[in-house]
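Order of writing sets the labels: A, B, C, D, E and F. Residues in every chain begin at 1.
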Amino acid sequence: MSQHEVSRFGHVDLDDLPPDLRERVGAVAERSGFVPNVFRALGRRPAELRAFLDHHDALMNPPEGTASTLSKAERELVVVATSGANHCTYCVVAHGAILRIRYADPEIADRVATNPHATELPVRERAIVDLALLLARDPDRLTEAGLDAARAAGLTEEEIWDVGAITALFAMSNRLAHLTALRPNPEFFTMGR
Amino acid sequence: MSQHEVSRFGHVDLDDLPPDLRERVGAVAERSGFVPNVFRALGRRPAELRAFLDHHDALMNPPEGTASTLSKAERELVVVATSGANHCTYCVVAHGAILRIRYADPEIADRVATNPHATELPVRERAIVDLALLLARDPDRLTEAGLDAARAAGLTEEEIWDVGAITALFAMSNRLAHLTALRPNPEFFTMGR
Amino acid sequence: MSQHEVSRFGHVDLDDLPPDLRERVGAVAERSGFVPNVFRALGRRPAELRAFLDHHDALMNPPEGTASTLSKAERELVVVATSGANHCTYCVVAHGAILRIRYADPEIADRVATNPHATELPVRERAIVDLALLLARDPDRLTEAGLDAARAAGLTEEEIWDVGAITALFAMSNRLAHLTALRPNPEFFTMGR
Amino acid sequence: MSQHEVSRFGHVDLDDLPPDLRERVGAVAERSGFVPNVFRALGRRPAELRAFLDHHDALMNPPEGTASTLSKAERELVVVATSGANHCTYCVVAHGAILRIRYADPEIADRVATNPHATELPVRERAIVDLALLLARDPDRLTEAGLDAARAAGLTEEEIWDVGAITALFAMSNRLAHLTALRPNPEFFTMGR
Amino acid sequence: MSQHEVSRFGHVDLDDLPPDLRERVGAVAERSGFVPNVFRALGRRPAELRAFLDHHDALMNPPEGTASTLSKAERELVVVATSGANHCTYCVVAHGAILRIRYADPEIADRVATNPHATELPVRERAIVDLALLLARDPDRLTEAGLDAARAAGLTEEEIWDVGAITALFAMSNRLAHLTALRPNPEFFTMGR
Amino acid sequence: MSQHEVSRFGHVDLDDLPPDLRERVGAVAERSGFVPNVFRALGRRPAELRAFLDHHDALMNPPEGTASTLSKAERELVVVATSGANHCTYCVVAHGAILRIRYADPEIADRVATNPHATELPVRERAIVDLALLLARDPDRLTEAGLDAARAAGLTEEEIWDVGAITALFAMSNRLAHLTALRPNPEFFTMGR
């Protein structure tokens, strides 16, 4: 069947983005070898894309010297668990690729996205995934007791904030992908396998 | 029982925010007569607060001349329906206050937050609320059929984007409030009643 | 939009109730300053209203000297938690008003109705709310283990009965309000704030 | 394993009930050949049992000449569908027995209690069961649209009230049975088979 | 209302089955006094019926000398708990009859099928039922922790396999019964009562 | 952390299977280039593996000349949709590989497993997937109305049986994989990409 290439609302090519976004997205594209579709879809609304990129960078690529010690691999683990829980094809496929690379494990993304509960994980990562799933699915159940479980596994307060804030960011991203019927770039399906 | 005043992670007072945020949040505080707690709680992480404010302004206070014609009252309707679905006390109370003011209706917020399905609404607002609830709760069910319902009620593509993007933004905000156990300022409980 | 004033099935004014109900409801109206809509809606069926009032009085206003020591404030806490779980606008608004007054706390009703799990409560009240929510939502899970939690918090057998019976009564009341699309009287929205 | 005979809160024998209840319950016992356990369990609180009986009689045994034309068999159909949805063993077994007798059909109770959706029913009874299940499980979804389905099947406004009010009454009864861990009398298991 | 006798896809009489199935099903029919409808419904596809019978016999009637010590009564307990969770009328009625006979208890089937959580059971049987319900309803939650609960109750690894494999077999059988709208033979409703 | 290679219950190597199973599984291994783990895990119970293989072959590799015209690609579509709904990592990964090959589409498996509702599909395949999801998740809702939707999309009665029976078979297989914590062979993750 025929269908859109990027998003049900159309998309904007890299060259048609405002200069600051063109530079920023261009840098990502250079590293990846292609322009991830999320930027072309959200580019229709530059102010929204800019805020999204700022938020994403603050949480996924924190500058050196910040308080949090959550690793980049662990951050991607939160993203894939959350995106699986939210049934978001774009984020499961795109961030699944990054998760495989970060963990140098070609199987971890499919495991976590399909069944995060039964994926064998070390205690710290199990606590990270459980906290992300709780906040993704049943946010009203995030009481002190829920956080105490994360604390018992050794997560610091800043790490708990990071897990929670990344889960929250992808509660938004996943829904933007559903809203726009965002298609993953073909490259993501095989990266890191 | 004793408990925190603003957030389980503590907070930052207006004067301790970076200058740009102090000015921005200060302007809100001047209009409201108080500093909404969300800014004091998120202020611990200025880059995240800044991105959140940018995203919020782009969607909730769009500049004159933008394509979307969703009214400010309708935008708040999306927020309260979403926040009720996510059981977020801070957002139900704070945005409930704004919704009462925007609609000049002292009852609408409690109705929409408690039971959005049975709240009597005109066809356009019913479609807005139904789309927000679908994306908030069951985002994987947002298929073309779901959007066709909104289209049949006369929503334009840009309006559908707005409803969806605001729902997505508050999927994030609500979870940040749950994460931080954010307390509504006492003033919100009675505004607009 | 136009809509009914009290109930989708119409209503009966105080003067048109049978004498015993007129006297009884009249006494409530005198104390409140208005006739709560639930009595005008259910008044179409006097035998049903009479049984409902009897049941309500037995559980919510037990005579002096009865075995149970559940306080009136705690009884309202059960009602608001149950009514929030059942998304009943009439009962959340009307009993929310009474809860604010009983606890002399203008915020407690909105907190409990929106997110009972994360509302900070003393151990005894936490156990009361948890028992009410369990019986309201998943009654088949009310096993001895569930009751043991309430017992550990110090609830007596008669208090457990009260919490359970009030939850059951409002499982009914909430559904009668949904059935009749019962509107809260405007006065309830602001009482006790 | 050892267990209680009637209720986890003990029970009251017929002779120990207040005179009015003894007479009333005695009349039922005479017809049935035994005292249904619900009366012995609730008899610990005579005022509550009295209100329950009044409500039950008003809805399940309406006096001649009332407006509603819902048949007694249809009323039991509502009870069994509701009690199955609420996983209430006492009510499924006890009212299942009555349903078999009212329909002179030894299979109908097991069918409706186990899977009400797939039980083959005439249009009118299908609408009755669907309305009961909606109000029992998802009362916030009972909007005008839900009632229009019942109206299209020919139910009058008074019949809709009856279906809804009976469902609401058993939302209460079922929870009282769960609360008290009420055991069905052995006689109910085989009546009408 | 008129309806099919056995299955919505029609059925095959005993005499029209292939010889091996005729002999096998005939032996069951001789013991029971009638041909259970499941065999007449699935008989339309002999290869599928044959595989189903083989699987059923391997798990429900294991040959002498096999490692597992799960009793035949316990196996039926798994079937009825699973079939109740799956709302399967045929299996609840047919295997409910067998469960009554195996336990020599006329009430156990209705209890377990209606509310397995609150049915009073010895520790071992409680663990068996809980494991079956977990795998029937939320199979992704079957982690080592879930199995440790069964192990703590004394179940061996082979017994855990049996409980799980029987639950899985009836996850299939129940769905075949739903697919074919399979009617229980009238005899099953009263056997063992 | 250390973990099992195949199943939490250990496994049986090809050479240790009974001769008939060795031959049968050996033939699969020869075509694939490896022994799929499901056969090594279930091989601990030869009678159960044999019945499973028989059932699988009858439904997934029906002999020439059978009534059903469901294509092999469509059969795998049912398996992947069902296995995604059941969160079964083994079946999503293993049958996802086969689905990619059957459709010659490297993306279809990730799409269907992550979000079957929003995957763009032709009318016939949409009806197939919807029927499978209904029977996998909410089997009690499979009423005549549900089947009428499939019929409207042109599915024959035999095709409906096939979709339903394959969904039922994988309701079992998925649960056996959960029970045994079955690990997909590494080869499956990349086949057909």
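Just a few scattered comments:
We adopt the following convention: a residue touches a chain if its C-beta (ideal position, glycine included) is under 8 Å from a C-beta of that chain, and two chains touch if they have at least 3 such contacts.
Nothing here was measured: the structure is a model prediction, and the numbers come from that model.
Looking at the partners of chain E and chain F together, the chains they share are A, D. Legend: contact pairs of E-F compared by residue number with B-D, A-B or D-F; the interface matching in over half of them is A-B. Look at where the CA atoms of chain D average out and do the same for chain E: the two points lie 29 Å apart.
If each chain is reduced to the centroid of its CA atoms, chain A and chain D end up 50 Å from each other. For this pair, chain A with chain E, the centres built from the Cα atoms lie 43 Å apart. Of all residues in chain F, those touching 2 or more other chains are 87-88, 115, 117-118, 140, 142, 178, 181, listed in ascending order.
In terms of inter-chain touching, the protein chains here follow a pattern that is not a line, ring, star or complete graph.
Of all residues in chain C, those touching chain B in their complex are 1, 3, 84, 87-89, 92-93, 106-107, 110-111, 113-115, 117-122, 178, 181, 184, 186, 189-190, 193.
Looking at the complex, you find that chain F touches chain E at residues 8-9, 45, 47-48, 50-52, 54-55, 57-59, 86-88, 135-136, 139-140, 142, 144, 147, 157, 160-161, 164-165, 167-169, 171-176, 178-179, 181.
Here chain B touches chain F in the complex through residues 140-143, going by the rule given at the top.
Within the complex formed with chain C, the residues of chain E that make contact are 115, 117-118.
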